[in-house]
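In order of appearance the chains are A, B, C, D and E, and numbering begins at 1 in each one.
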């Protein structure tokens, strides 16, 4: 309760501001229309009009809510008009990309922690890789991948993997380097092998870091997938939905897809948080 | 059946109704073809997909195809289902533009890029208007996915297609009386749109030529069917749209408009149209779209065989 | 057949690096990543040539470099439009707004508890999704790109700054209390300096975000210059070497941006253990 | 040896309960104590017995949940606002982004001392703790012992009436500790400040104090107050005298009584 | 009181130099020392004199840059591979994701003991350090003293010949420390292990050891080796005896000699 109250208050404030903004931004159009029709609007009519336009500059919250409701519950889940269907398409590519990205991040981190050559060679380029505007060349990447026979869900996944491997890499390198000199020395005094030290010391101590970075990575993966869908052949997925909404000026559809995507991201982050809690608890790391 | 992949220039919509109808009505099957239709998108370059081997045939506008040819990608036009151009510039009447020759100066115009800018650039060249902005030229705005720049009055004019964006402008509540339109056809700078292109190497392969012939034959059958049954065609398109964003009213109207553009074509490229397109593109002043007349950029071999 | 020399180059370079890495001097620490990068470029060139990859699919580094050198004025103009006007101004505004907001809500745990979960939700929004909306609101020139960047960088910096303002330890705060320091005194003399490492963490993360945001936003409408505009137009014209030259500019600009922020960080937070040498 | 009768700190029946998730923790229970001007009072007792809590309560960093506590005749919180305290914690708690001089200057800036006055005071206290010449260094460039001396200098710079020190030498090695003990005693003799001092070390408590307060946990309370019989003049060798050993023994016995294994 | 003459650790002229950015640091210089089976040797000296470094060198965690060092007649590194060492650090260093039993089990797993053997050993050492019944707890559920005992149990579990302890009780309060000192002495008497023990506390060194090695820094070297005259049986009260005080005094003097301020 004490946690919900502040959030609800801020939420209420945001919705209020949103309504005001919607009235302000949509007023011009309402007035233009009235002028074209040769009528004038009373303030009441004006407000009512701004909150119920078909193509508002900024849709009112209740319009977005209605759009979401219709998208989620208004159709069969398998329908192409269902947001759940599109979210499902996006989710599957996100999960694939997230899995590839996290795995790559973890493996690279293991290499970097254990091999000095890799540490010095790879790390600066991993940073540089993130300055490549992958999102800007996403369509090209998809075409190029298609030319070597990678099609379907995978090209989108590659883009989301590109975005999600980096946080995992950075987090995992920090995590695997977490054990202090004393703990490593203990291992050495027991003459433990490298793999024993890894499985019994480095890996467990990196868990909190791993989960923290997985949360960042999954959100990044979702952004990657959506961008992969966005300009690169609108077929299905939330990105395609955003694009077609944008293409036909259907702002309500854009905002619904946007909120669906945010909810998906939030859901994924919460899910990882849950897995984190369970794992850390079973490891005895949560108190 | 023989497999064949067609890359569209844009998203699934009635602009490509002929192909969807041919597929849906079994015209491709009748020709023993198994055709995969890949929708495009705002940032898919169909020519690049072709180069990458992602498709065998693509729907593309001729200026872009010829430009790609100059870049070393040997594209060849094998059929031209669209006889005339649907492109136009739509202006708000309140901008005071009545004559392109005099009134564009100092205005902001919305233009599609990504290979679609060539006709516009040629036109401006004809008008001798620089496109770098300033009081004596026009300011060009890269128009995004929709007609917002006009509705928001960010531009005096925007690019529209007769069959699509123009309708969107009307849908948005602006009356036709409040608009002024300039068709590229009327301005004498029309270029050919929506032709079928393939790589030269495919035409050197008799087996492939046969496949393409059957494909063009079935596609044209689809187009003619769509012209006659616009409502059914629109429904077929709708069924094939995976985004679930299209509406039947919209697609029906688009089909009706598209039918006007395809009406004059039996699929074979009209040499005169080709020549006019090339001339328009070549006349590009200091920065022409293509620098010399292309050789072998089209063939009648396929259509001749297909239309016997 | 052609795979053999490629493999040989890779193994040779790796062997050299393994040897150099073991020396671990200041020079080798710079050399090793350079050799690694050069090797990657070399392999790229060799693969493109050996397998005759068409340049409309993947141009060779040599072609990219040629396009880069041939188009410097054009690339510079795009850089100014996208990076300096769009990304940088947006990043600065976003950062200042986030810092001010963090300080403003710092005194109110209520606001913090209300804003931060929502902030996390908004940060998870695929911000590129709101780019078309912002282009609609702020016009097609760089202002809308800056707006996209502001929205993208605001919450990461806010979250870091809020954490930073809370980062003083109990001991440091108790000391202030024993001296009976006022709110502004402890803010200026203790909490702002203590927050700097966190702030810079947020600033660093958001440098690349800012670039990406500014470039991608140009897809949704732009004037006829800018890196995003050029990339999409050049792809449409199959001028792939130019596309890659823009990517090169982006990578260089991104690395520089990140490097400069890191440099300022090491000046400002020289006292932090992670910065001490 | 409670010199004169000028009570500076008066605690009567002070209670302090922390409400925690596992129920209330009684950190202090019925603590009565009077500290006079110029006293050097050490607090000793097992971990968790409330030494720190009591010192914090005196400095108004915690508010008692019962009883009364006055400092210089006013409530502790007012004394805090009147800047009556110099507090030294176990860790030096120097601000890493300021030099040693900057750290010492900080409370002076907060209290509004003039620039010239600040410079003069900084020089004086640096001298006092034998750190002259290190003012320009950053904390991490100094050893632990030097940092701790700097933090003492900081607490001395603004001439508070009362010096509260919470295990200030806990982290230092024995030799350094000896030196600092000598120096602290010397300082106290010179300035005659009132000092409250928490320690875990019996010899340290005996060596420094005029009075030793032994505390016991669960709930935290005072079990014994031992008046020192040692003279004011205390060379380090005093620690080998029978008198010192007897006092140590008394403290240890006092401690043993209130102590359970962990 | 160097019992018998069965040398376990023999150091002859051991040098150790760390190359650092600011030039080489001579951590050890010509260290000669023989430790016999069953000895309890304490190392004491100011911070930075090389106590830790010497202990680490014995355990082959560092390699000497000069001199010779043999353990059980072989080079230290071979002794390490033969798992001759149990090492205890100042902090307990228990893995938070393992229970106390799991922590004790860890070196046994690494050394390949069978499951049954492990269980038996864990039970035995838990008993030995008085932690029977706490095996299922996680480290953070225990007090600092108990954690430190667990870490000693871990070092004992695999029956290494030699127990090396680096300030194992440095972080504990005096009373807990007393208890653990008693327990350690008891354990040493029972097992007769060879123990190397680093401490900063003079009473601790005197109370525990058969021999006290005083070290001095810059460069790290042994300045004095004091044989204990105390009997093997040592109640805590022995610390108030004149003999104990005399020994303490001797150690303190030894320390004072090689010490500079910080």
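In this section, a residue touches a chain if its C-beta (ideal position, glycine included) is under 8 Å from a C-beta of that chain, and two chains touch if they have at least 3 such contacts.
In UniProt terms, the chains line up like this: A, C = ABC transporter permease; D, E = Sulfonate ABC transporter ATP-binding protein.
Bear in mind that the values here come from a model prediction, so they are computed numbers and not experimental data.
**Q** Which chains, if any, touch chain B and chain C (ABC transporter permease) both?
**A** A
**Q** Which chain pair racks up the highest number of C-beta contacts?
**A** Ranked by contacting C-beta pairs, first place goes to A-C.
**Q** So, what's the distance in Å between the C-alpha centres of chain E and chain C (ABC transporter permease)?
**A** 50
**Q** Averaging over Cα atoms per chain, report the distance between chain B and chain E in Å.
**A** Centre-to-centre distance between chain B and chain E: 84 Å.
**Q** Could you grab the centroid distance between chain A (ABC transporter permease) and chain B? Build each centroid from C-alpha atoms only and quote it in angstrom.
**A** Here chain A (ABC transporter permease) and chain B have centroids separated by 35 Å.
**Q** Going through chain C (ABC transporter permease) residue by residue, note those that touch at least 2 other chains and give them in order.
**A** Where chain C (ABC transporter permease) meets two or more other chains at a single residue, that happens at 57, 132, 136, 219-220, 232, 235.
**Q** Going through chain A (ABC transporter permease) residue by residue, note those that touch at least 2 other chains and give them in order.
**A** Where chain A (ABC transporter permease) meets two or more other chains at a single residue, that happens at 57, 139-140, 143-144, 147, 231, 246.
**Q** Can you list every residue of chain E that touches 2 or more other chains, as numbers and ranges?
**A** In chain E, no residue touches at least two other chains, as defined above.
**Q** Name the graph shape formed by the protein chains and their touching pairs; answer line, ring, star, complete or other.
**A** Shape of the chain contacts: other, as it matches none of the listed patterns.
**Q** Under the stated touch criterion, can you name all the chain pairs that qualify?
**A** Listed by label, chains in contact pair as A-B, A-C, A-E, B-C, C-D, D-E.
**Q** Looking at the complex, which residues from chain D come into contact with chain E?
**A** 46-47, 130, 143-146, 173-176, 179, 200-202, 240, 245, 249, 255-256, 259, 261-262
**Q** Would you pull the chain A (ABC transporter permease) residues touching chain C (ABC transporter permease) in the complex into a rising list?
**A** For chain A (ABC transporter permease) paired with chain C (ABC transporter permease), touching residues are 3, 6-11, 14, 25, 57-58, 116-117, 119-125, 127-128, 130-137, 139-140, 143-144, 147, 219, 222-223, 226-227, 230-231, 238-239, 242, 246, 251, 254, 257-258, 261-262, 265-266, 269.
**Q** Which stretch or stretches of chain A (ABC transporter permease) touch chain B in the complex?
**A** Within the complex, chain A (ABC transporter permease) contacts chain B at residues 29, 33, 36, 55, 57, 79-82, 85-86, 138-140, 142-144, 146-147, 151, 231-236, 240-241, 243-250, 253.
**Q** Spell out the part of chain C (ABC transporter permease) that touches chain D in their complex, as residue ranges.
**A** Those in contact with chain D are residues 169, 171-172, 174-182, 185, 189-190, 193-194, 196, 269-273, 276.
**Q** Which of the residues in chain C (ABC transporter permease) come into contact with chain B in the complex?
**A** 54-57, 132, 135-136, 139-140, 218-224, 229, 232-233, 235-239
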